[in-house]
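Sharing a structure, written as C-alpha cells. Questions coming.
As written, the chains take the letters A, B and C, and residue 1 is the first residue of each chain.
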Amino acid sequence: MKPKVAFFDFASCEGCQLAVLNCEDILLDLLALVDIVEFREAITGTAPYYDVAFIEGSINREQDAERLRDIRARSAVLVAMGACACIGNVQARSNFIAPAENFKRVYGSEERNQVQSDPEFWPLWAHTRVRAVREVVKVDYELRGCPLVPEEFVHLVKSLVAGTIPRFAAHAVCVECKMHENTCVFDRGDTCMGQITRGGCQAICITNGYRCDGCRGLVPNANMAAHLGLLQSKGLDNREIANRYRLFCSAEPLGRVGRSGHE
Amino acid sequence: MNASVTPSTVVPDADLYLPRMARILEILPMSAREKFLRLELPAPLGHRPGQFVMLSCLGIGEAPISISCGPRTDNILEVVIRDAGSLTHHIHGLKPGQYLGVRGPFGSGFDLEAWSGQHLLCVVGGLGLAPMRSLIQPVLANLESFSGFTLISGCRTPAEELYREEVRGWEQLAQGNSKVRVIRLVDRTDNQPWDGRVGLVTAPLHTLEMDPANTVVAMCGPPVMYKFVILELKARGLGDAQIHVDLERRMKCGVGKCGHCQINHVYCCQEGPVFRFDRIAHLAEALQ
Amino acid sequence: MTAFLVSLDAVSAWIRHLACGQTLYFPQQSGQSGLRFLPVDNDSEIRFDGYQPSLAPPGKKLAPAEEPLFRYRVGTDGIPVIQPVLDASPRILAGVRPCDLRGIHLLDQVNQQGHPDPHYLTRRQQTVLIGCDCLTPCDEHCFCDAVGSLRWRENADLFLTRIDGQFLLEVQTEAGQRLVANQNFPACPDLAGLKAHIEAQRAKPFGRQWHADAGRIPGIVASQWSSPVWDKHVERCFSCGTCNLVCPTCYCFDVRDDFQIEDPSAGQRVRHWDGCMLPQFAQVAGGHDFRPAPAARQRHRVKRKFEYLNERCATTSFCTGCGRCGRQCTAGIDIFDIVNDLIDHAEVTP
C-alpha cells in the first residue's frame, strides 16, 4: 500500500505547494511512491485518514486551529511545510502590533471602528495572533524555508517511504556558504542573518548575490546577543535591526522595550 | 609517524570505506528497545573481544556497533542493536535473508593474554553487556587460564535485561564452579518478577571477596557508572592500570579519519574504545 | 635540481599552456570579491600581485565539500553490489603559497597515517604542486612565519619566487621537471646569490609574531584546560563552523547515505565536510553530547592545531598561519589572539 498523502493550506501564498509541483524532473517518480488524496493546487477530495499530512501556512484564526486539530487527529505523520507553517513567516510580524492598529493600517480608521463595534465582525477578533503549526498541534517534521527546499521535500518523502528518520541541518547557513565558497555577505558591505539561521537551503540567496534574511528560522541556541552586537557595530539602528529579526522569524533580541520603530 | 613519507610512496587502502555484505540469519527481540542479530559474513571476522564494526544499511546509513560474540572461526557475527536513531530503527524492521554492510573489526579490544592467571571482574551496566559478552564467552571457555571470574551485571528494570537465558546459564555454571561468580541487579523491579538483586552495580563491590593485587577489571556501561565503580575499586585497593573501560563516542569512519571520536588527543576508534584506565585517567574528556 | 630565471609573461604563458593539457587550478577573481582556486581557461587572468589567501584553501581540491565513497545497486538476488568511486584525474595546483603548501603536507600526514585514505591519496598522487613564495605578508591576519610556514616548500614540485620583475623557477621533483621540459627557459646564472638577494628582500618581521618562542607554545596550550581565555573568545562565537571549513588543515567529515528516487535499489554513500565547532559534532545516537559547550568546542579546535595533532604528526604546529579563520570570522575571533592570550595567561599564572 502506498502511503496516503494530503496537502492542506492555511494562511500562505501556496508557493510551497507550487515548489513541490516544480520538482518536474522527479515528480513522476515521487507520485509513483505515494498516493496523493488531497492537493488543493492540483486535485480536490477528502479522505478519512492520511499517512502523511503536509500543512502549508500559518494558523491565524480559531477556525483554522480547529481545522488543523481535525487534520492532526486523522494523520499519522504531520509535516509543517514552509516558513509560514514552521515559524509564522512575514505575517507573524503582525503579532508585534495591536489588532486594532493592524485593522486601521489595512482598512482605515472608519472600518476599524466598524469591525470593533459591529457584532457581525466579532469573529474577526478571534484572530489575535499568527501561530506556527507547532504552536497548535504536534509536528513530526518541519520543511523550513520560504519557499521550502525541494531537495529537503524529496529527502523527507524518501525517508518516510523507506521508514527512516529524515535528517535536516541544524547548522548555520554559513556552513553551506563555505561549501559554495561564497564571499561573505559582510565582506560585500551588507549584513546577514546567516550565522543564526538554520541551513539546509544551500545558502541559495547568498550564492545568488543576496543576503540571508533568516526565512528558515533560528538555529538551536543562536547567539542572539553576539549577532545583535554585530549588526549594531555595522551601523544598523534599532529600527532596522528589529525589522530584520522580525521579518521572518519573529525574533526579539532587542527586547520589548523601545521597539516601536517597526514599519 | 614518519613525517618524511611522501604521498607517492604510500599505497592507499582502496577498500577502507567499502562494506562487505552480511546476510541476516536471525533477528530477535531481546528487550524493550534491543534486538539481537546473527549475521553471516563472506569470511570470518577475525576480531578480538571488545572490538567494534561499522554496520550499515545501504541507502540509510552507517554506525559503530559493538561486537557481541566472542572470537570465532566461522563466518558469524552477533550484535545487539538498540533502537536509538535512524539506522538502528531501520535495522529493527529488517528480516532474515536481508543484507547489512559490515566494515571492520576496528579498535583496540581487550587483551586477554595479558590477564592470564588473574581474577577477571566484569562490571556491566545496561547495554554494556552486549560488548562484554564478546569477552565473557572466551573467558568462560578458557577458565583454566584465570584464577577466577566475576560478573556484576546491572540494568534499570527487569524488562531491560539482555541475554536472559545465557546469563542464567552462566549462573548455573557458577553454582558448580567456585571460580565463577555471577551477580545480577536491577535499579528497580517496576513490579515485574525478578530473581536477582535490587541496587546499583557499585553495591556488591563494597563486600565482594577479592584479591586486589591479582584482579583485573573490565567495565562496560554508561560514563556515570564508570566514575562510581572506579571510586569503589580504588577504595578496595585497585590501581588505574588494573581497570579497563569501554568508551562510547560518535564515529563516522572507524579508521581515525573523520575526527568525531576524539577524546582530547586520543582517537577512540583507534586507541580505544577499550582503554586501560591509567592511559586515559588524565584526559579531561574521557569520562564526561 | 634545475633553476630558471623567467619573465612574468613567459610564466603566464607557460601556466596557460599547462592548463590546456589537464585541469590547472590558479587563484582567480570570479565576479565576487576574494580569490578562489579555479580551473584556468582562456578568459583566466594569471596574476601574482595583490595576493590574498583564497577563501577556501587549495588543499580542499583534494577533499571536496562532498564526494561519493561508493555507489551500490541491489542485484536481482537481493545482494547489494558495491561499486568503488575514486577520482584519479590528474590536476595541477598552481600559485600555492608556502602556508598552503604546508597545509597540504599536513593533510598528507593525516591521510597516510594508520589506514591510508584512498580518496584523498588517489587525488593527491595525481596532483602536481606549483608553489609561489611570499616576500611580503598578505595582510594583517598573516602569521605564517610565527608557525614555521613561511619558508616551507618541500612538497612543491616546482617553486616560483617573484624577484625584481622576474621569476625564479626552481624544479624540485621529477614531476616538476616534466612540466618544464621543452620550455627552453633560461637557466638561473647565480642561484645562491639570487636566493641571498631574495632573503634580503623579504619583509622582517614577517606578519604577526607570538608573545613567546614558538617552541614553547604546544606546552603552553597543553597546560591550560580550565583557562578563562576559552570563555573570553567564545562570547561572540556563533558556532557557525566557518573557522573549521576554511582551515587548510581541518579534514573532519560526516557521512550520509542516499538512494535514488527513480530506482530505490541503487544509491550512494557520500562524505561531506564537518567541523568540530558545529553543535552536535560529538553527539551520539541517543542524544548524549560529549562536547556541548561552545567554549569546549573552541578549546578542542585550538588544541588540535597546537597540541593534539602536532604530537600525532611530529610537527611543530598544525596551524599554518594563513589567517583564514580569523579573516573570515564575522565575530572577529582569531586563533592567533587566542593563543597569544593563552601565552599571556600562562605568564601571569605559571
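Here is the rule we go by: a contact is a pair of C-beta atoms (placed from the backbone, for glycine too) under 8 Å apart; a residue touches a chain by one contact, two chains touch by 3 or more.
Here the structure is a predicted model, which is why all the values come from computation and not from measurement.
A comparison of C-alpha centroids places C closest to the centre of the full protein. More inter-chain C-beta contacts link the pair B-C than the other of B-C and A-B.
Chain centres here are C-alpha means, and the one lying farthest from chain B is A. Spacing of chain B relative to chain C, judged by their CA centroids, is 38 angstrom.
Rounded to whole angstrom, the centroid-to-centroid distance between chain A and chain B, based on C-alpha atoms, equals 45 Å. Contact of a single residue of chain A with at least two other chains is seen at positions 162, 167. Residue positions 59-61, 85, 87 of chain B each touch two or more of the other chains. Within chain C, residues 256, 259, 264 each touch two or more of the remaining chains.
Residues 32-34, 36, 55-56, 65-66, 235-242, 245-246, 256, 259, 261-262, 264, 272-273, 275, 278-280, 294, 328, 330-331 of chain C are the ones that touch chain A when the two sit in their complex. For chain C in complex with chain B, the residues that touch the partner chain are 69-70, 72, 74, 78-80, 82, 84, 86, 108-119, 121-122, 124-125, 155, 225, 251-259, 264, 267, 269, 271, 274, 276, 281-286, 288, 290-291, 300, 303-304, 307-309, 311-315. Of all the residues in chain A, the ones that touch chain B in their complex are 159, 162-167. Of all residues in chain B, only 59-61, 85-87, 89-90, 93 touch chain A in the complex they form. Contact residues on chain A toward chain C in their complex (touch as defined above): 26, 29-30, 33, 154, 157-158, 161-162, 167, 170-172, 174-175, 178-184, 186-188, 192, 194-196, 219-223, 226-227, 229-230.
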